[in-house]
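Labels for the chains are A, B, C, D, E and F, by order of writing; each one numbers its residues from 1.
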């Protein structure tokens, strides 16, 4: 299995609901340094897992929808705790969706799976990984 | 699959037995920077993989049993080489045991597996991973 | 010149005022990984620059006053942009003040200077450094 | 599953063919920081995954065949794009081959799989992983 | 003294002349991860050392003149060994020149000094630092 | 001012004397990842601060005198606490001495100063820096 990883970051405010979160129930924030790992069984004709320039652009665009915002105000996350692991899944879904829509280019056809890891500090991170949905046949 | 990772460290003295270890048969020591990755298939109702505050406390407590000691003097490791990979397994077992005893809290019920990685320098590390034992029914 | 550095982190929400900040005028947040470097010309009788356990405790306590808060609501920062470089100075002043009050212990008497560095992402950080104020004679 | 990782690096020049590579079609170069992770189900009698000194030597030797060269001039890569993911596979094959030839020593008999990861910058890396070929019976 | 640092990277081919360079006399290459630290004695009215968005843009532009090239073919470096420390100075001079031309914006007027550090691997880096030339009065 | 840095590591056992050290009075150990930064005002004729291959060899040799040992048994440190900051000075002195003896080669003549930094964990390090003694005239 081959993989290629690209990294970028975003910075947000948010708060959590539930006693388990203790003082993190207050409005606070985080920098998330994001790694996205694309995996496939065989290289394409150019010798690539994915077009790294497109992958970088797609990641920047997905993070741009979240960056420099208060996640408590985002309708998409209403009623949810935007934990690091939850946000890893959000970014996974958005990248998978853009890949299915062709934004990663023709190289992305053979992608098998994706792993999205969000580093929230030098001592904590969270990730979500799963199989890549098939390219949208439309 | 979701995962959450917490990091801490401990510092020990030890020596190895066996020609394969060369000069590491002498009494020496190491700093181990420890990553513990908790994995589960779905988030709990709070949107968590594990209560990160409890996970951090459990890790600190487990490492506290080893920290600032000479492992050659620990009865638990008598007759064993306390290699980095061996110690990764020791810490895996101790965290799994505490999880089974309920120390990670009710959030830990759905944990699927655990990976413990010990960084011994900027150029070497070792890990042990395996399924999480079930919660102790007592 | 000798130096000793300890690291910890805090997570906050804030916003900036001024066109130069562009979209960072919106409420957002950051994780700051903080390095504090203590410097002195000669080691004390124990062979230390500073009691590292006390230094770690003082840093944790100073960051605890800021952690998991919205800096826009803190009276201490009213009318100021809490940029990374500004916060580096805030933390410098608070550690220097605690050192002057004796919280770093008798080892801290010979400290010459201090550098506080806040890492806001994998690609950006800011710092403030300056001489250490003398121990409070009271 | 246990694993042990060793790290080293090499520095090369190369160019790519194909429109997908854009300006990387020009002759340029890279530093690759290489992680090789050896995996096995159980520790050997010494408590090791692999003899780390031999693993380090084998990695240095494999990278020495590539280091400080222009990959465009290497007959082994003729007609291929030496992308980061392609080079991860090359190094995987060469280490697997040396292991099969006995260069990792008797400890290497139980190795299950191998992962080779090449970091090309602070924001991008690529890897290849797969099962370890059996020891050569000759 | 305050400082702000931004990071980016570039990838080049080159070779060295002189016996001291040994096998690095062959055509090879490097990834340079570049840190640029801007320093000033006091913050400006916005609470900034430098406009970090402009600093990031200027760094990207300066590295864009070097990225994905063979430095042996660059007339600017004819007859020179493009060592890491030499390239740190080149980038220092180019950023200082752009700052003097006003590209860092009005915030840059108070900059006292600059440090440019090029990381060539996980075990080696080189830097150049010096006072910032005055703003061009034209 | 130019600088070049090389990195290596060593692993030791030791213990401390004095109440200020708390549980670190017990025999324990550490991995020290060592950075040595060589500084000079101008590059030599080859465009170098120091011959990086020789610098790497000298560092490895100096660390080899300490590696895989119990520092409590070393006559050179009798009656001293081998704190991280103390060991930074020891390594500074040994590299300076070897430089004075010509081991860094003719390139080392212009070296102005040296900084030795020992990373003992992901959250703590210590350093010693000072001017480089003149080349031994013998």
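As a working rule, a contact is a pair of C-beta atoms (placed from the backbone, for glycine too) under 8 Å apart; a residue touches a chain by one contact, two chains touch by 3 or more.
As the structure is a prediction and not an experimental result, all values here were calculated from the model.
A.B. asks: Counting shared numbers against all numbers at the contact of chain A and chain D, is it over half, same, or under half, different?
C.D. replies: Under half of the interface numbering overlaps between copies: different.
A.B. asks: Out of C-F, A-C or D-E, find the interface that copies C-E, where copy means more than half of the contact pairs are identical.
C.D. replies: It is C-F that repeats the C-E interface.
A.B. asks: Just the number, please: Cα centre separation of chain C and chain D in whole Å.
C.D. replies: 42
A.B. asks: Once you find the CA centre of chain B and the CA centre of chain F, what distance in Å lies between them?
C.D. replies: Between these chains, centre-to-centre, one finds 32 Å.
A.B. asks: Two or more other chains in contact with one residue: find those residues in chain B.
C.D. replies: 7, 122-123
A.B. asks: Quick check on the complex: what are the chain E residues that touch chain C?
C.D. replies: 1-8, 43, 46-49, 51-53, 105, 107
A.B. asks: Mind pulling up the chain B residues that touch chain F in the complex?
C.D. replies: Those in contact with chain F are residues 7, 9, 11-14, 23-24, 26-33, 67-70, 119-123.
A.B. asks: Could you please specify the touching residues of chain B with respect to chain D in the complex?
C.D. replies: 16, 18, 20-22, 80-86, 88-89, 122-130
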